[in-house]
Every structure is written in C-alpha cells, then in structure tokens.
Amino acid sequence: MTEFQAKKDLPSRWFRDYFNPYEHHEHALKGILYTGRSAFQEIVVAETLNFGRCLILDNEVQCAERDEFIYHEALIHPALALHPCPKRVAIIGGGEGASLRETLRHKTVEKAVMVDIDREVVECAKRYLPTFHNGAFADRRSEVLYMDGRKYLEDSKEPFDAVIIDINCPMEGGPAYMLFTKEFYSMVKERLTDQGVLAVQADNTSPAAFNTFTTVANTLKQVFPGVFPYTAYVPFFALMWGFCLATKGQNPLELSPEEIDRRISQRVQGQLRYYDGITHHSILNLPKYLREAIKAQTKVNTDSHPIIEKYPGMGR
Amino acid sequence: MTEFQAKKDLPSRWFRDYFNPYEHHEHALKGILYTGRSAFQEIVVAETLNFGRCLILDNEVQCAERDEFIYHEALIHPALALHPCPKRVAIIGGGEGASLRETLRHKTVEKAVMVDIDREVVECAKRYLPTFHNGAFADRRSEVLYMDGRKYLEDSKEPFDAVIIDINCPMEGGPAYMLFTKEFYSMVKERLTDQGVLAVQADNTSPAAFNTFTTVANTLKQVFPGVFPYTAYVPFFALMWGFCLATKGQNPLELSPEEIDRRISQRVQGQLRYYDGITHHSILNLPKYLREAIKAQTKVNTDSHPIIEKYPGMGR
Amino acid sequence: MTEFQAKKDLPSRWFRDYFNPYEHHEHALKGILYTGRSAFQEIVVAETLNFGRCLILDNEVQCAERDEFIYHEALIHPALALHPCPKRVAIIGGGEGASLRETLRHKTVEKAVMVDIDREVVECAKRYLPTFHNGAFADRRSEVLYMDGRKYLEDSKEPFDAVIIDINCPMEGGPAYMLFTKEFYSMVKERLTDQGVLAVQADNTSPAAFNTFTTVANTLKQVFPGVFPYTAYVPFFALMWGFCLATKGQNPLELSPEEIDRRISQRVQGQLRYYDGITHHSILNLPKYLREAIKAQTKVNTDSHPIIEKYPGMGR
Amino acid sequence: MTEFQAKKDLPSRWFRDYFNPYEHHEHALKGILYTGRSAFQEIVVAETLNFGRCLILDNEVQCAERDEFIYHEALIHPALALHPCPKRVAIIGGGEGASLRETLRHKTVEKAVMVDIDREVVECAKRYLPTFHNGAFADRRSEVLYMDGRKYLEDSKEPFDAVIIDINCPMEGGPAYMLFTKEFYSMVKERLTDQGVLAVQADNTSPAAFNTFTTVANTLKQVFPGVFPYTAYVPFFALMWGFCLATKGQNPLELSPEEIDRRISQRVQGQLRYYDGITHHSILNLPKYLREAIKAQTKVNTDSHPIIEKYPGMGR
C-alpha cells in the first residue's frame, strides 16, 4: 500500500453539483461565504479550491471566478459582434453582473439595462463577487432594475439592439421557466430593432440531457427566421453548455473570422480570452449528434406547456 | 423508476469526516460559519443539517450542538462523581467551553482552570458556539489561560482534585501528541491530590482503529494504580469514543449506581441527559474484544516515542 | 501544499450507506461480487477494503466479514445464555447463516430451524459468504426453510426455547415490516416454551433515529412480562445497533457475569470475541437518554398501523 | 421539507473519477463486472447507470458504452479522412477494440494492426464489452499483438498510412509515459507513408489541466511539419478531451466540409454519429485560450524528461 494522506491534509468540505440522480460533480470548498433564501431562490456564495469564488442558485452552479470568462464571453460577444453597431442592450437576469460587464466592454453600447428579479442576488454579488461585475453596476451607461424581466420587456417602449437572456434553467419551483416560451420569445422579437439579436443561455447539451437545449432551439425557430444554437465547454460545470442566437435573418456563420476579429478589435475594450473569430466558427458548428437532435426535436415550449426541469437539461 | 428528488431539493454542501482512506462519514451542511488557520491548526465552524453547529480542528470533528452532551458528560462526570468532593479542577484543552460548562455544574467546584493552547478556538466558540460554553467562561470560578497545558501543569503549584485532558487526537503536525506520554501522565499524577482523578479523551475504539486507545490505557497503567478505560457512542462521530479514568487507587466500579445517582443529585445543577449510575456501569464495562486488546497492548507512549496519527485511533 | 496521492492510488469505488438524506457513511470497495433482484429485494454482495465481504439488502447493510461477530454474538448469545438449556431454536430471517452458525455453537441445541423468505439470499451466502455461515447450513441439526417466517410460526406445532428475529428493518416496500407488530409478537409468545426467550434485532438507536427501537420495545412490553432492550456498536454500520430480549418473566440482569461466563464456557464451542458476562451487563444497561426515550414511547406497532421506515430507525 | 427518497431507492454504489485532489465526477453504478490487476495496471469493468458499461484502467476512465462513439470517432476519422486512401493502419493501445472497430469501417483499409501491451485488457473487452469491439478482433483485416507498441513500431518494416496512439495518459507508474516523447514521435514519423497521418489522444484540455495537451502539441511540432490539436467533449469524462493530428504537411483545415462528407460517405460503412465535415471544422478550431496556451508552451517531452502525471492533464 502506498503512503496515504493524513486526514488533516485531505479536502473535507465539498459542493456536490448533481447532474441527475446518478451522476454528480464535486468541488472541494475552502469555505462558504453566504447562504440565504430570497423570495425567489436559495442563494449560496462559496469558495472552491479549484475555481475560486462561485455563485449557486437553488443548487444550480451559476459561474465561478476562474472560468466565468468562458460562459460570459460566449453569451455576450457572438450577439454583439453580429450586430453592426449595438447601442441599446437589455440583459434579463445576469444578477452577478458579469454579462453586464462584458456588454459594457463594447464601446458602441450607450445603454445597458439589466433586469433581475432577485435584488438579493445582486447585493450578494456586490458584496462577495467583485471580479464578476468589476464595477459594471456603477457604469453610467448601466440601469439595474429588480423586477420580472418578462414584465419589463412587455412594458418597455424603446427597442433594443440586443437582448440577452441570462437566467436560471427552467427549474421546477424556480423563477425562470416562463422565460423560455414561444410567447415570451415572440414578445422579445417585437422589442428588437431590425438588426437586433437575441442571445439566450440554453442549458445542458449532453447527449442524455439536451432536451431543454433542443426544445429551446425549436421554440425559437417558431418565432425567428434565424436560429443558431451553439455550445461552450465550461470547466466549472464540467459540461458543454448551450446557447442560442436568434435573429431576424442575419446569419452569424456568414461573418468571416477576420471580420469578427476586426469588429472585436475596434469595439471591445481589453483583450478577450475565450472569444474571437475562430472560436465563433468553432462553437457555432455543433457536433453531428446535436445538429440531428435539434432537427429531430418537435416540441415547442409554450406558456400553457412550459418546459420544467428537475435537473439541468432534463426538461419535460 | 421511482420519482427522484429535484436538484434544488438535494443537500449540496457536505463535510467529509475521514475515518481512514477507505471510509468516511458525511454530513450535509447548511453553511460554514468560519474557516481560519491559527498558529496551531485549521479551525472550522460549520452548521450541519443533522447535528447543528459544530467545531472542526484540522479536519477532526470535535463536537456538535445536538449531541455534544454525550461526549462532555462522559468525559467530566465519571471523574467528578468518583471524587468525594472535587474543589479544584484543571481542564487541559476544551477550547469550546463545554467541558468547563459541565465541570461548573458541580457545586463542589470552587476553581476551574481551563488551559487551551489556541486562543482563536476559544474566541471562535465565544462568537459562534454559545450553547457549548453557555456562559462558562464568565463564571467567577473559571480561569482561562492560553498556553501549553503541559507547561501549565509543570509550573502549577496548587494540586487539583481532577485533571481533565480534553485535547485533539495525537495527530501528525497537530498540537496534542506530547500530551499522551508516560512522562506527561507522571507529571499530572504529581499535581493530583490524594483522591485526585485524571480523565482523558482517549480516541477511537473501533476494532481496526483502537491502537491509540489501548496504548493510552497501557501508558497510564505504567503510572497510575487504577486505570479504567471506557467508551461512549457519539452519533456525530459515528464512532464509539474512548476515555480513560486514572486514579491513585480508587475503583469507579465499586461505586454503586445508587451512590452515583445520589452524588449527582446532590452536587450537579440541572438534569444530566447521558450520565447516571446505570450509564456509569454500562460504559466502564467494555466489550470483550476491547478488554482483550487492552490486555494485549504492550506499547508505552513516551516523549521520545510518542504515538502520532494520520487518522483518529490509527496511531503508530 | 502537501504532496497529493496520485489518482491511481486513490480508492475509486464506493458504497454509500445513507443514514438519512443528510448523512451517510461511505466504504471504499475492492469490488462488487453480485447484484441481483429477488422477488423480495435487491441483493448485493460487495467487498469493502476495510470490512471485507458484506451483504446488502435494499441498500441496507446487513453485515460484513470483519465485524459481523459483534452483531451476531449480540443477537444470539444473550438469549441463549439466559435460557437454562435451549434445545429448539427458531431463527426468522438470518439468510446469510451467521445467526444459525452462532446458535449451533451451543451444544444444548438439538434443532435450529431457520426460516428466510428469500432463497436467493441464502444461495448468495452459500456462494459468496462462506465465513458467514461456516458450514452451518450443512449441520445435521439445521433445517432451512424458504417461506414467510410469520406464516411458519403460525403453523408450527412444537414450541421453541428461543426465537430469534433477524430480519431487515421495517422498510417501506421491504419484506419485513409485518414482523414487528404486537399481533406477531403475541403469536411468537405462544410458540415459546415456559422459559423461552425472544431476541429481536431492533434497529438504529441514534438519538435522532431511535423511533423504531423505542416503538419495538414498547410494543413488546404490551405482550411480554420481561422486555430488555440493549445495544451494540457495529463499526461497519457506524451505529449503535438495537436489540430486544423479551421473556415470560426471566430477568437477564439477574444473571451474574460469572454465571453467564460459566454457561458460555460449558455450552459454547470455541471462544466468543464480543460477548461474555461483562459485555452482557454493559450492553443491557442503556445510556440514560435511551432509557428515558423508551419510557416516554407510547406508540404500539400493530398489524393495522405497522411502523414503516424510509431510513433505519426513522419509522413512522 | 420536501418528501425525501427512501434509502432503498437511492443509488448506493459509485465510481469516483478524480480530476485532481479538489474535484471529482461520480457515477452511480449498477455493478462492477470485473476487477483485476494485470502486469501493467488495475483493470475494472463497471456498469454505470447513466453510461452503461465502461472500462477503467488504473482509475482512469477509458470509455463507456453510451458515448464512446464520440471519443473513438474523434480519434479515428479525422486522421483517416485526411488521408487520400488509407490502406495500412497501426493502432497502438486501443485494447477495448473500439478504435479498431472504427478503423475497419473504412473500406480502404486492408490491414489494421492493433498493438496493446496488456493482453488482459483485450480479454476483458472480449468478455465484457462486446459493443466496444463489435467483432473487430475477428475481422480478417485485423492483426492483434500483445507487446510494447514502441518496440513494435521500431521493428516494423512496412510503413503505415495512419498511426493511431490510443493509450493511457502518461501516468506515474502507468505503462504509457514513454509513448509521448519527441524520440517516439520521430520514430513514428519514419514509419508513416508520404501522406501518412498520426493521431494521438492527447489528454485533458481544461484550463487548469492542459499542460500535457499543450506539451504533446509542442513536442509533435518539433517533429512534424503539420500539427493540429483538437478537442471533443466526452460526457462520460465530463471533460473536453484533447487529440492531435500530425502530418508531413497536409492541413486538415484545407479540406472543405463537403469534401470530408464525400470521403466519409464513399469510404465508411454505416452512419457516423459524431463526426462529419462540420464537426471536423468545429473541433479543429480551438477556443482562443487553448490556442494561446499551445503557442505559449515551450516544453518538449523527451525520453530523458518525459511528462509524468498524477492526474490527467496535470503532467510535469
């Protein structure tokens, strides 16, 4: 037998991220900085040994310090790079402020409205997650509202060049499942300018758990002429995560890598780490089985039959 | 397949208590209230869902709100009940204050000196573990010192009717392993009054992990005429925990259950929950395999060859 | 940071023993020798690194090679030692054969009938667990029947000097919950000779999980003049496990340790490892909180309201 | 509190796949079909509830029934699609037979030599993993040898159109670490025909664990004019897994998706599920941070300083 670690040297605090009842991913924790229950969800801020600080809502890992750049660059920049000159952006959800941060890096942006239903998430982020928002809440172009994002868009008068849906998965009992429906997407389309772009986080894409992803893509297709699902590997999730771009016709695959790099270089402050022209084409070209699963999906998510999940991606 | 729990309803934060590399006990956590590293050890205060708040030092679980009464009644009351009138008591270790609390319940006690090497543990307890000390630190009979307990006893002038050793297991790199030796026990004996009693926490008693327990018992036998090992099941540990009484000749098994109950009833404030005359005789009578293991143990723990552990009870 | 174990040296296969949703005990496995589903339950034979081979029924750990002597000596010998000369013994359950093995060590025993509802458990034991039965099934005094133990006793004509109930906990959906009721115990009493003794495994005794234990004791009290609950720590379970003796009046606490040792020495083949006169008195004297919980228990388990559990000891 | 699952309904057997000491991925097991230790490594065949049967060598998950198509299509088809007419293929490693199976789907292939050092792995696969080889071992074009793959290639006379390195990660104490060096790759290059292609599995690509991947890419660059690292998400690993193509000049990115689809359609029997022209371009375009990490890597793996790992991807 090899010499074993002593008890005192072993990691003893763990966060268990359930993929489903038969599989999970565990992170050793340095500590837990906050646990609380808002009107909408349980909020936890923990510090992992591998990924730094992280935000967890209703046991769903949202993002972690070390690799949130992947998720947030993947969510924000394809949409904004596709638009010729995005000035007004709405972010639905996005409580920890990182989507807002990435949006504000685009110098074209004049107004970024972030609408999160849960003020406590934003306050947690302000207190415990400074690298996530990195001052974005204080930017003079930001407006932060605490209300139902669907209600906000219904009532909003001025259109947006981009709408970003950065909300929880459509979990049973969670605050998000009514923001994945055909009716919601139809209303969002009306709030977009002519060249406006919608980007949504679209859940797990694993072979056994891509039901929500394919349903979201199929639901968007009922509403938008251009729908472009894509994925990015997020190490903290240990999953390929899904996203969708939806447009009134523009095709992001027609932008050359060089054109994307040019737009990023002209418009975006600082250096991106995940996204550029090559990444764009890589992630918007899905593996064959995912493309086929999307083609085969016939379900449409509606207000009367919304998809609801017990585990990410396993919606019914 | 049965209907499974949703992810949001499953416990996601866990404390893993390693018995050894091949076995552990896990507690779901509500949160972690404190993590820090003192000059002596890592200190964690966590809140478990089953056992309430608990103190953890160098990954070794010390005690938890819901069942610490078992450990602390088992450590303190057999010793104090055996003495005809315990007035002066020294507690070595015992940082969270519960041994002090139980000691002060004895109305005979005029002076209780608690000597813990780690001030930060005591400060943590004052802040986060109020039910553990329950005001004991503020009792006028208490004196709390922050220093090496061995040094304290070496230098102390006035003798004690009882000395309680409530310290960590003799872990590699931990602060406690020099307080389990023949030389230490010999010195303690000199500090005891004629009818003085020593009680020590004496580690795990599981069949595969009773090496420290049996060695402590055998080491005490080199010094004290009367040595009485005993055990109590501590649910938070999921282990039978070991203790030893050592005397200058008195035999705790000669006290009848009725006499113990009489002494407890006369001397102790409030109702005990774990200890009484019947419990006394139950726990001081060990199962056969433990008695035989103690008889068979020949090792003596010395300053030059102290027992040192990687896992509780698995000392070498 | 300390040097960490390499992946290849870490234990990777585990058995998780759920105490309840918030707490479990994990055993590293060398392998799993058998998994199957009989008409009554899921049967697993695994090999743990710490405890050797073990039997698991419906996820409930039954016993393991290294420490099953504790459970089986505790279940069998107090009952047989109490009887002046046990000749006929019935074992209800006990599929792996270890209760039969311990029973047959008593030279007074002329007939031992073991009745297990699940032939597949016995066949598994014969194939995979040779040290558990150790040839007991082939002893000429043994009779092994595969049927409902309750039905067997109802129909049996000749009385027994001891009846041993060695069955699963009264789990929801499991085969055992109708063998914990007042009606069942009343019928058992009629099958006992005048000095006959009943011994039952009586579930978890942990403070938060002793509901079944105290209910079994209280139910037996409705039927038997003498009821004596007791407990033994089983390291493989990491729990104090409960048992009850029930008699037509004999009091096991009136047998002196010396008398018990004399009986064991005269009657039992080979050396016991757990049980003797001192152990007898230790385990039959419960800690105060358990005695008080039994006194406070008013529930009686009946055929129309049987106790049914989701986790051991947490019956309702 | 919600109603919790009963113990009997919870998954109790688990395989823990350690990413590093602070993170792991756990799979519930139906059972373990085989555990053994060959002259080279520990071999385990387990059956997971989510991914079906799987092969595990020295605790390193190799592949699982449900998603091995991803890993094996990603390893084999880019290399074979790139070659104008692959006739002779050598597979180093690949014990479970799935790389051989995918290779033989190419009708151009006349000879496929599989060289695995560990006969016991192949025998395990034949017995327990029929869907992995799917008859490939019995194909008249197959030759299976049990010897050191490096030795085999050194001694081989006839060149190969493709060499596939499908071996373990370069683990400490494992059989594979001398097959990742510059000297080994130089020798392989000599065994390749003019348009010959090398494909190697190239370990974890996670941001904190891409050291082996980038080192393999950089080492190949010392030897081959064309080096093309790529990645595929393997759900069973919960990781993006790395691969490298190495060529004498051909550039796989110059093949259009249509040309790849044409070649696959002409040459490959049956339908692929993961790989086609779009997948090819997606996976060969890495995310920006990985491209930059490869560019920044200066280490070269040599026989005298081979990379050796404790955890996948964390080589030194």
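A, B, C and D label the chains in the order they appear, each numbered from 1.
Note that in this section a contact is a pair of C-beta atoms (placed from the backbone, for glycine too) under 8 Å apart; a residue touches a chain by one contact, two chains touch by 3 or more.
Source: prediction; values computed, not measured.
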Relative to chain C, chain with the most remote C-alpha centre: A
Angle (degrees, nearest 5) of the CA superposition of chain A onto chain B: 180
Between the pairs B-C and A-C, the one where more C-beta pairs touch: B-C
CA centroid of chain A to CA centroid of chain C, Å: 54
Distance from the mean Cα position of chain C to that of chain B, given in whole angstrom: 31
Per-residue multi-chain contacts in chain C, two or more chains: 4-5, 10-11, 20-21
In the complex, chain D residues that touch chain A: 10-11, 20-28, 48-50, 66-67, 70, 206-208, 231-233, 235, 238-240, 272-276, 278-279, 281-283, 285-289, 291
Chain B-touching residues of chain A, taken from the complex the two chains share: 4-8, 10-18, 20-21, 29-32, 35, 42, 44, 46, 56, 58-60, 171-174, 309-312
Chain D to chain B touching residues, read off their complex: 2, 4-5, 9
